[in-house]
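Structure in structure tokens, see below.
Chain lettering (A, B, C and D) follows the sequence in which the chains are written, and residue indices restart at 1 in each chain.
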Amino acid sequence: MLEFFNDTQTIHFIIIVGSMSLFFIGFYGIATQKNLVKILVSFDIMESALFLFFIGLHYKVGLVAPILDKHLKTFTNMVDPVPQAMILTTIVIGLAVLALGLSFGIEYYKLTGRNDISKMNELRD
Amino acid sequence: MNLKKELRLKHIILSLLSSALLLSFLGLLMQVKTNTYKTVGDIFLNLNMQTATANAVTSVVTFFRGIDTVGEVTVLFLATSGVALMLSSTQRTSKKVVKQESFVLHVGSRLLMSVIILFGVYIVIHGHLSPGGGFQGGVVIATAFLLLFLANPNMSLSHGILTLGESLSGSAYVLVALIGLFKMNILLGNFLPHPVGEIGELVSGGIIPVIYILVGIKVGSEMSVIVEYFIKEDYYKEVYDA
Amino acid sequence: MNSIFLLLNLLPILFLYQFGGALHVELNFTSSFTLSLIQTPLGTFFAYLSMISFLLVTIAQKSKKFSFSYYMLQLLLSLAMFMIVLAGDFITFFIGWEIMTWSSYFIISKSKNIDTKSLQKYILFSLASAFSLIAGMVIAYSFAHSFDFSVISSAFRDMPFNIQITLIVLFSLSFFTKAGVIGLHYWVVDTYSKAPDLFSSILSAVMSKMGIYGLFLIYGHIVGYQELKMMFGTILNGTNFGYTLAWIGVATSIIATFKAITQDEVKKLLAYSSIAQLGYIITVIGFGTAYGVAGAMYHTLIHTIIKLLLFINVAAIVAQTGKSKFSELGGLIYRTPVSFVMLLIGIIGLAGMPPLGGFASKFMMYNAAIDTKFALILIGMLFSGAASFLYCYKLVYGIYLGHPTSKNLETTKEVPISYLIPQIILALLLVLTGAFPGAFIKVINPVLVEFSLSTIPYSGLGVMNSAVGSFNGLFIISAFVVFFVLILLLITRIKSKAKNNLNRFDISYCGEVPAQDTSLHFGFGFGADLHKIKFANAILKRSSSSFYESLATQTKKTSELFSRMYYGNIHNTMLIILLFFSALFFIGVN
Amino acid sequence: MSLGYYFLLPVIFSFLTPYFKKIGLLRASSILLNLLLFLQTLVYTMMSLPQISLFSIKPPLGIAFILDGYSLLFLLIFTFSGLMVSLYMPWFFKANPRRDEARFYLFFNMLIAGSIGMILSCDIFNLYIFFEITGICSYTLSAYNKDKLGLESGIKYLIIGSIASIFIVFAIMLIYLQIGTVNLGLIAQRFHQIDPKISVLIVLMLFIGFGTKAELFPMNFWAPDIYQGSISPVNGLFSSVVAKAYLFVFFHLFYLFGLNSKYMLFVMVIGAITFLVSEFTALNQTNVKRLFAYSTLGQLGILFMAFSTNSIDTVSGALFHLTSHSISKLLIFLTLGILIHKLKSMKIDILGGFKSTFLTIVLVISFLSVLGIPPFSGFIGKILILKGFALSHNYAAVAFILLVSIVEAIYFFRIIAMMLDKSRAKVIVNVGVMNYAILAVLAALIVLFGIYPSLLLHYTDLAANALLHPTNYLTYALGVGL
């Protein structure tokens, strides 16, 4: 019944639709939300969408994870390891920025009691 | 009232815009021709035997694109320092509160913690053999501390040890890179013996497991620091509000 | 300190004298352009003119304390001018031009009565002038592939007509601003009147001449008078171009003359007079005939001498009395007789009366106008020349004649000798240029050759030849001196008698006897009624200031408009980035 | 000697910062580090270019640091600025004591290291990591004050940086999906084979990403806020290092990917608008930091106009202008640090309220240099740029730059008039010996490059050649003959 999915094209189609929808949900989020935490969440949604998109499009039916084990002795028929490495890096960076942003937000909230970014307007001439 | 209307209008316009962008992105990405070139990753797969690492992703992360990982570790380190810079000022005042944890929680959390740490260490040192590695293992280790904090908010980690772990592992990582430069005239060169025959063994792959262990220590301590700062922060605020 | 800088100011003159006319230095500045100093007859003339002016002003500065930085900046200014007039290419010229701009700016800023607005006016006009120059020079470069004057000059012929026009307009605008052509003179009056008193003499006498040098350079050297003739065609005996320029010059001199008459501040009057005199030079500079060029050069020389003399004179009086308005001065003739004589000589020259140098230069210029048959221009020049008598009179009356307006004017002492020395030298020069106008032909002829114009025949030191006629300056001045001495004797005899018997309060009007504090200094106000003349009123009530002020307001409004965008709402900033992305996406991808 | 030191030494330094602090050698070690890197750069100026340092495996598979003429000039600027700021910081911390001095040094050194990484890396994903390192350092440094303003600027910068990085990541992913590589050399080779619509999308995303960070017009509304909220030496770094690093990357990719013919006009117009809007906005400012922030934006606008012209002369002039602008802005912001500390205000009036001949002279020199007035270094850059525009018969650009420069002159000379105005109340400002030396060196460089431009022009010509004809770079990036 799920043979329908055993087609690279179909999988890619689903991944593109899903990840892009997620991406533009995040896009809508950063465009409309004014709460700092929500904005950071939106950024994370966008990033996650990109990870899905990137990893997903590198999967082709029939390929396996690039790890040897008892049965697999050669690196053939495996998915591209570079996108995975890149995503790993990007996740960590995203995490780091998120943590930093939250700590800024907390500190700012403590000082002013606000987390609405559209009301952050003390920096002006 | 008027403002509300305006706001709603803005939301509608923006959602329309997002949908329009989504549709055109979909249209665009659907018709993308697949890549006709051999990707770098495919070449890496062919070369991967030479590194004697069973996990190709690990060899890409720590060796082929090793400097990325140095950068990544640095980014995490910088973020940790940034978090510490931001939140450290409130840290001192939060010590007053005394709220004893229950005995069950005390024992249970410590039992679980040791298991989790063990699991984390396993993931770290098998990074070149199986899925996982320094980052993942480090985060698992940090969750152990998260558990401790959840059980007992009064607990505090020894910053001296964490900093030492952070600094030494990070510096050792860079030193490994520099030793590669001196021994093989190439930064991050794999200067340790890595015979291909040993592939799949725990000790194999030359510097790759070494790097992943260092990364594991570093990520573990950094994530613990971040977790501590955020947890204490939260706690501090509750007290402050009450 | 004064003596050191006096010596330092001597150095460029010696340097120039040493090379004698064959100075040619080239310096590789960057790979694409070189700095070069080349001594041309025109440049040499202006170099000596400015260097000697600096020397004289430095002598006058002995009497007052000036800081080290003031002297340094003044030295820098003189070197910059040296660089300008000897430049062989536009880069050197421009570097000198800009150093001149900012060093003079800093000197002006040291004045006591300067305000930010005047400083801003000065620097912005100077920079506008410089930027117009730089625009011209890079456009010229794009065709000639060199900044060298000679290369650009030879490439000029092959440029498209609109580029040629653009270049001429840009360069002219730049130099007009420096010379203070009407409409672009907005900065001149404020700056001249508010600059340090002695420095005003340099501004008026030397710095404005850099604009004239620039015009000579462009019309005579870069474009060439022959080329101008070919480009624009001829009208009567001159070129169309010269005719247009002459109208600008005449308008400048007429308007500035009227404005000068109504001024109450001494230095403002001198500033307007300076604009008017430069207007004459600009009138004749474009004629494209030998006599036009000669007249312009001669008047440059005379105007430099006169303005140095007058400004130093006024500076001395201001320093001595602390007053700078006609309404506050008066009756100083008894207290400072030497200064009075100097000023008298100055205004005789300024009015263009024989026998002094001023007459020779005016003679030359009027003759040039007659020669080219620009009758209307000639009428205009004569008209403003006649009107200039009025402000000359006001100058001498307001300060020296009439009655002292306050007590301390009656106890003023003669100005210090260091002020008088340069004045005496300048007065002598004025006499000499009047007596030996022919000597100057020897200076002019090489320049005319440089501009490939016909030369002026030379027939003796005292004889000034022109297209229409000639006069013998030596003879005139001898006759004048004889008559002057006779009349002077006569007057002193009468005066010596009268002086003993009369007091200034020995008058009564309508039966009333003036009290001690009644001001009897009335004449200073003349010119106020000029408004009643329709023609003069039309000139006087118009001012370029409203235009520039509205420009400033517009700039401010624009600035406010733009700064409203930067009001720091990060949400909107983000939205703008996203919308910008979307817009570019829909435009670019689809 | 290895290019890797530019990144690895600061990394080790920052990892060990707590221990340096413990033994009390924090400031000294930071100075030493920056000095070492600067000296290494000086050594590189004497070596043949390009130079390459490999990581793990040679390109195009692996990542390498490549130093060509273009990056050499920026390397000089960055390491020099780093050295100057690290020499300045001891005074700053003495004047404004902070608890977190160690963390400042950490972020400061990594900011320089990240910027240098961006200009050296020959791999676009690696470049992105350095981009993030620079980003995180700049977010934290702008929030370093931990007061309302500082945190606000930190949050703003972080949000903007996140948007930029998302677009860049997306672009990198699309590139990898299309041509299976992240090596700049290979991308350059294969870029034209990308599906045209996707290639436009990639360019657009890179443009938004780097353009936002490089403070181009419709995307730079945040920039003045950041300057206002952060401390002066950091302003100096933002203006002379960080903004220039993003500009470097922008044009490096612009020319490597061969986008110059298609997008030249677009970038030029955007640069022109940036210039116009910023200079006009600066007129209306009363906060001194914002004022110079706008001035920086304006100068970046000119640079964007000039860099996109595709002519060696203009680009060389632009590089000259960039160098002199970096020096001037560093000088200005370091001086502002002194003034703000002494006069306890950020209003523009502080520039009229101090009495120090030395500071007045150096400030005037830097202002005149920014305005492009001879005999200071800014003039050479400006005349070369104008000459380049004229040579390509783009007279509109010449007229535009000159007209807007007058607007620029209005506020610079307003400040100068303020400084010279004797009627204002003046506070005597003593500059420390070290600051005296730093500012004197910077001012001397401005004058030196103004009267002896060949010294710098040699490097800018090299850089312009390397930028517009990156064949050497490409062979190294492709790992040919290694």
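Some notes on this structure:
By our rule, a contact is a pair of C-beta atoms (placed from the backbone, for glycine too) under 8 Å apart; a residue touches a chain by one contact, two chains touch by 3 or more.
What you are looking at is a predicted structure, and each value in this text was computed from that prediction instead of being measured.
Simply put, of B-C and A-C, more C-beta pairs touch at A-C.
Ranking all chains by how far their C-alpha centres lie from the centre of chain D, first place goes to C.
Between the CA-based centres of chain B and chain C the separation comes to 75 Å, rounded to the whole angstrom. With each centre defined as the average position of its C-alpha atoms, the distance from chain A to chain C rounds to 72 Å. Taking the mean of the C-alpha atoms as each chain's centre, chain B and chain D sit 31 Å apart.
Of all residues in chain C, those touching 2 or more other chains are 563, 566, 568, 570, 572, 574, 578, 585, 589, listed in ascending order.
Residues of chain B in contact with two or more other chains: 17, 21, 28, 39-42, 44, 64-65, 68, 71-72, 75, 78-79, 82, 86.
Shared contact sites, meaning residues of chain A that touch two or more other chains, fall at 27, 30-31, 58, 82-83, 86, 89, 93, 96-97, 100, 104, 107, 117, 120, 122-125.
Listed in rising order, the residues of chain B touching chain C in the complex are 17, 21, 24, 28. Here chain C touches chain A in the complex through residues 563, 566-572, 574-575, 578, going by the rule given at the top. Chain contact summary for the complex, chain C toward chain B: residues 579, 582, 585-586, 589-590. On the chain D side of its complex with chain B, the touching residues are 2, 4, 7-8, 11-12, 14-16, 18-19, 53-57, 60-63, 99-100, 103, 106-107, 110, 117, 125-126, 129-130, 132-133, 136-137, 139-140, 143-144, 146, 176-183, 190, 195, 197-198, 201. Partner chain C is touched in their complex by these residues of chain A: 27, 30-31, 34, 117-118, 120-125.
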